[in-house]
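Below are structures written as structure tokens.
After this come two complexes, each holding chain A, first together with chain B and then together with chain C.
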Partner chain A sequence: MTLVQGAREFVAPGVDLVALAPELILVAVISGVLLIDLMLPQDKKGLMMPVSALGLLAALGATLFLVGDVRITLSGMFVVDSFAVLFKVIFLLAALLTLALSHDYLKDDEIHHGEYYFLLLCSLLGMMTIASSRDLVAIFVSLELISLPSFVLVGLRKRDLKSNEAALKFFLFGVLSTAIMLFGMSLVYGVTGQTSLVGIASSLTQFPPLREVAILSILFILVGFGFKISAFPFQWWVPDTYEGAPVPIAAFLSVASKTAGFVGLLQILFIGFLGLADIWRPFLAAVAVLTMTFGNLVAIQQKHIIRLLAYSSIGQAGYILIPLAVVGVGTPELNAIAFQASIVYLLIYAFMETGAFACAIAYGRRGGGYFVSDYAGLSARSPGLAIAMTMFLFSLAGIPPLAGWAAKFFVFRALIDGGAYWLAAIMAINTVIALFYYAAVPRQMVFAAPTETRRIEIPWMLSSAIALSAIVVVLIGILPDIFGALARAAAGG
Partner chain B sequence: MHQYVFVVIGVLMAIAAVRLVTTKNVVHGALYLLMVLAGAAAIFILLLAEFVGWVQVLLYIGAVVVLLLFGLMLTRAPIGRTALDNQSRALAALVAGAIFAMTSMVLVRAFDGQMIDFSQTLTVRTLGGVLFTKYVLPFEVVSVLLLAALVGAVVLAKRDE
Partner chain C sequence: MDWLMEWGVTWAVFLPIVGAAILVLLPRSSEMGIKVVSLVFTGAPLLLGIMLLGPYRASGGIQFEKNIPWIPSINANYHIGVDGISMPLLLLTFLVTFLCMIYALWHLPEPHNPKVFLALCLLLETGMAGTFVALDLVLFFIFWELVLVPMYFLIGLWGGPKREYAAIKFFLYTLFGSVFMLLGFLALYFQSEPNTFDMIQLQSGGVLDISRGLANLIFFGLFLGFAIKVPMWPFHTWLPDAHTEAPTIGSVLLAAILLKMGTYGFLRISIPILPDAAMTFAPLIGALAVIAIIYGALNCLAQVDLKRMIAFSSVGHMGFVMLGIATMTDIGFNAAIYGMISHGVITGMLFFLAGSIHERYHTRDIPELGGMIHQLPMLGGLLAYSAIASLGLPGLAGFWGEVMALLAAYSPIEGLNTGTFRVFMVAGGVGTILTAGYFLWMLQRVNLGTVPAKWEGKVFEDVHPLEMASWAPLLVLILLLGVMPSIVFGVTNDSVLRLIEAIGR
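Our next item is the complex of A and B:
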């Protein structure tokens, strides 16, 4: 009797299936990958890559269909706007590039293909939902869906002790920072009684909380995101994890996973906590400065290319974070500029970092090695690969006319507009320091004598991933306003 | 009445939690963990959130701790008195103590004197309704998360031929 009554009271929520289409397609692909893997014989497992790639293309199509739309569904928890669509496209592209990097990498390793792609897609689904989540619970659950499959992916090279260590370190840091973040979120709920970001924002302006409570909850939430975006002092796992993980997964973590962390953080800060900007601004400034300085200083001493890229990606996180240090309560125009600067940097970073990882994989797997000294004389052996690698590294360093320069320009402009000259100066010093280690690899490639003369054959999928990233890096370097316009649209949404 | 029961449970939980990190025996540690989790379940029930309380009992005591004990027995993990200590325990104690002092000070200042309104008790029905309407997105995301955890656990634990 009561059950029937309950059923009658239950009102199904209105669901906008078009808004959810990319995620629904992805869920279908995830289930499909799991089932197809069961039926494929052992020697046909290579087919899992094209299956996943086709699914991603379908999801990409569904996402592109939503360009320009604003849709709100699932009681306001799921929002599709320019911001969400832009980052969903970036996540899907990053995942496609990761698939291209993985195909050759998995061939001669004893990793299970089906599970590898399944976990990769699960992590991607978390990124897709975090871009649309406008609720603390949804953001938290999405973050977990991003992290948990990554823990396993990092440890998939089971016979390699380094991979085991990498996964364990990643896992322990991950769960601890997640627990602290959850405590911070519960504090926010305790003060405001709301989980939706909009509700939190209006409750915070109506009933301003005690300063101490605001500081504590923001600090705790920053811990969780600091881990995801590898900001100081939560970056200790990064070099060991990237080095021990399958290299395409390291690329995935440093690009897609980090971007997802920033997406969640930007939403919480700009929608939920904008009214408390005066409280979180100094913390973010300090974290950004420490992150870039630590990453760049330690990167100088690195001999291993993946560790070098790991520390460089820590430094880059500082650059992405620092525009937020000029955000204020009553300065919407300045806030928009800072928001755009972070987004443009994220977009450009995704391509230059993926490109650098793709070159490192191409060289490492095909007879080279993963140490900087292994790159000796590469310009004579494989001029194309050497030019591409140099381009990505110089772009990361911020040398014009490559895209990384435009990214830094947007950030500097935000800092100057906000009057944060000190921060701009610190960032300029950091850029100079970074040039040392970014230039170390090209120096090896050009000036050191090669130990081998054999040409390096790169499979077409890897070379097309490198080519795509290179085209974006050059094109955006010349026409940075393409990404600038995308970021403006996202900031308007 | 509520306050006294809460104090008793809280003191028991605190003692068990301290013993959990200081004990030298893993199995004892698991049992202290059980006490802490049971205390948490009791507090939920004290707050009239019976459903969450019993879920806590079923999942954490019934599944997690039991799984932990099975894991200890079935693997060749050292069960006896082994060095679980870490060199940096003093530093860890300092950090934990500082965080505890800071957090409790802030919590007391923020919520002191506020009373919980027990007139609207949370029934399982409203909980289920909210879960499948307002919070359906996290609910569905969690289902994929659990599937990923299951597959991940199998792939890591499976012995390769």
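Our next item is the complex of A and C:
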């Protein structure tokens, strides 16, 4: 018998085009944007913005069409369920908001529009696919698709040294951590012979691997995600990268990209490695505690608003991560509660963080500056902007009745239910520490005397992004069950 | 009338926040319109509160209840209701806030801006009133936290020289307590069967079945939240700064109502839900209360700033309230609620007076003042009246709360060490003497003596009609509560007895 005879005949997997529709639309838009950049004269390139926005809306429509559906395609690599749909909607919304943030920003900076929109949409495509990826290879490819364009996006302000530094740092950290993660994945494949998450899970229960191998492979995989979600000790790139990058890209990294990292991580841990929760739980608990404590303590000393938001987003990552520390200690119900807590936090975080970045851009671009001290007396100059910024920051701090309280509430709920009183207490203390720096900005805006009296004019796209985020932050703060129900549906999938 | 019974409390709680929203929409220049709106939207809740007294039955337990689902996935409900413990505090909230709005007609501190100032006060009122009617722990938490931001800005924007420091200190301290309180709430939720945040359900027997150690741990979490708010010694250090730096109206609201949220928390949540843990903690609470009484009084003797002195006197008075609570008896609880009301009325009044004195002399330093009774006979007289009420003279409001707390300490509930509490009683008694001492000494230095050369020949305007209008109800209440304590006890006693019965079970 020859080798060829022994091999099974290759059967091309069936492709469910409806399930793939949002991604396919996105691919079309990406090609369109690229063509516009190549073919149209310089003065017509403004078209790229509306084309991208319309494309995103079309993809959003196609995604919403899939609500309530469960579709499995590409040999089980690609799954559309409530979890995937929920996060695809979030990614698309985040991308739309990023477009709104970018429009005005790009106008006055020397950034090539074509590359900008093209890269942004490519990165988004990776996020869309990671939400559906139920296979190590698919997850890896999606992660790379997210990361590679963002390396370039961060460095787009070519003539700015800080931007160059930001891109290089981001790139080196990113490549190193990805390499380590890939090694971890290969270990998993070596042990289980599977790349699909479901297959890995069943193989792990049937043939429990050597403890050492399991620890190593999980740790290595965590390194890759730790970089994406800016968890300690892989967060060093964050402040410099956010500060050097075009600010809308910093917002995109801290919201969409970070969420994508969490989406991949949640899928791997909850589908593939749930059986090994005893091994990864203590690591995640330690990482979460260190992440939030580091982020919050260092944030106190920040004078630059983007750096402050960067460290705050590290602290927030700790809060999102910490519910995973009770996975597997109790019933499957508890696992679902922890899963929901992370999801609710991610959803709420997306809006309050985007809002805060939008305000920072609105003020910074209109001559206000990016230092906290530049915000002196803003409440007298532009009360609306000052109120909005205060709302987003207090929401991040978790002050009711703004949405942030509900996010923290769901996390505390998971921790207490899992009996992790110590973790809850540590997070509680972190919440208090964080208020100190979150309140520092409103303190400047409201208590300090203004140095200028000029009002800040905010372009309509930016102000509608701020308004949308503000509405969500207030609405979810009063009726948190809207997101709670979405998270429950996603956990059911 | 059905409408009132069902939705009256809800309207009364949320009208102020509606008023705040309207104020935001009004142009900044229409100062009169802003003040009228704030008067209407604090007057209406007061009116509703008084109307509710009609159908209110002292023996009826929890009334005007409303219970509708709010966050189904965590089983949190919009559950509100009023009983004898919350009714007096709710009315006090409505009354004092309304009086503050009248006072605002006369005077607002720099940087003026009535629109924002009054909107924050209205927001604050919803938070305070909501705290007193919430019967669901999550709802309670939301209202509890709702007061933080407005008070932070009130102190930070309109306060004295060290306002920013005082504001953030207040904010951080309270938040520290309240996150642990929230963890306690969540622990209660998961330890109850069926899981619930409902205070009434949690109190009923059999729902909460937990080990002693865990009960103590949860009680401690709640204790942190409430004790910081009261504030009990040694958590009180935010209070002198916040009170001293806050604008007059801020100090009044802080002293008259915000502090009561802490003591109310003990009576509404900690003790009924965790009675056994409360018994364990009672001697500690009693000891801290007595330390607060003595410590507050000694500090008052050393204070130069009139407002800071009144702030420290609050520490002592709240010590009496906590001593009453620590005895776990009906007399003690009644004394505590009475003490909260009388402290709210009297100390609120004292802060008004301190503010008005500062407006006239532009200083509050006791040594710099003198002979005020000669220059400002009316204001001086009112200061004497309020100070004497505060030191607990029989016949005025301050008397009953203190004397009954001491009386309760003589024979605490069975299971608590009588000897210990009698020591507390004696120490508390010493505290009353010290209290009398510092108030009289203050009166001697401020009111009596000759007018210092500095103020010689200056003409000050005595009490303005608007000031009088905002003070008159408080002044009347001080006397009325003193001679007819049954006004309060009649409302509270039945609910207190229910509470005692529930603890005993």
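Criterion: the second predicted complex is superposed on the first by the 479 of 493 C-alpha atoms of A that agree within 3 Å, B and C clash if a C-alpha of one lies under 4 Å from a C-alpha of the other, contacts with A are read in each partner's own complex, and residues count from 1 in each chain.
Just so it is clear, a residue touches a chain if its C-beta (ideal position, glycine included) is under 8 Å from a C-beta of that chain, and two chains touch if they have at least 3 such contacts.
These numbers were taken from a predicted model, which means no experiment stands behind them.
Asker: Just chain B (first), just chain C (second), both, or neither: which does A:Val446 touch?
Answerer: So A:Val446 only meets chain C here.
Asker: For A:Phe436, using the defined touch cut-off, is the partner it touches chain B, chain C, both, or neither? Pick first, second, both or neither.
Answerer: Only chain C; A:Phe436 stays clear of chain B.
Asker: Pick one for A:Leu156: touches chain B only (first), chain C only (second), both, or neither.
Answerer: A:Leu156 contacts chain B only, not chain C.
Asker: Quick check on the superposed pair: does A:Leu38 touch chain B, chain C, both, or neither? Answer first, second, both or neither.
Answerer: neither
Asker: Between chain B and chain C, whom does A:Ser75 touch in the aligned arrangement: first, second, both, or neither?
Answerer: Only chain B; A:Ser75 stays clear of chain C.
Asker: Mind telling me which of the two, chain B or chain C, contacts the most residues of chain A?
Answerer: Chain A has more residues touched by B than by the other partner.
Asker: Please write out, lowest number first, the residues of chain A touched by both chain B and chain C across the two complexes.
Answerer: Common to the two interfaces on chain A: nothing.
Asker: Once bound in the complex, which stretches of chain A touch chain C?
Answerer: Those in contact with chain C are residues 394, 399-401, 405, 409-410, 412-413, 416-417, 421, 424-425, 428-429, 431-432, 435-436, 439, 443, 446-447, 479-481, 484-485, 488.
Asker: For a test of understanding, state which residues of chain A touch chain B in their complex under the given definition.
Answerer: These residues of chain A touch chain B: 6, 9-13, 27, 30, 34, 74-75, 77-78, 110, 112, 115, 118-119, 122-123, 125-126, 129, 133, 135, 137-138, 140-142, 144-145, 148-149, 151-152, 155-156, 158-159, 190-191, 209-210, 212-213, 216.
Asker: Which part of chain B faces chain A closely enough to touch in the complex?
Answerer: These residues of chain B touch chain A: 102-103, 105-106, 109-111, 125, 128-129, 132-138, 141-142, 144-145, 147-149, 151-152, 155-156, 160.
Asker: State the interface residues of chain C toward chain A in the complex, per the touch definition above.
Answerer: 70-74, 138, 141-142, 145-146, 148-149, 152-153, 156-157, 163-164, 168, 171-172, 175-176, 179-180, 182-183, 186-187, 189-190, 217
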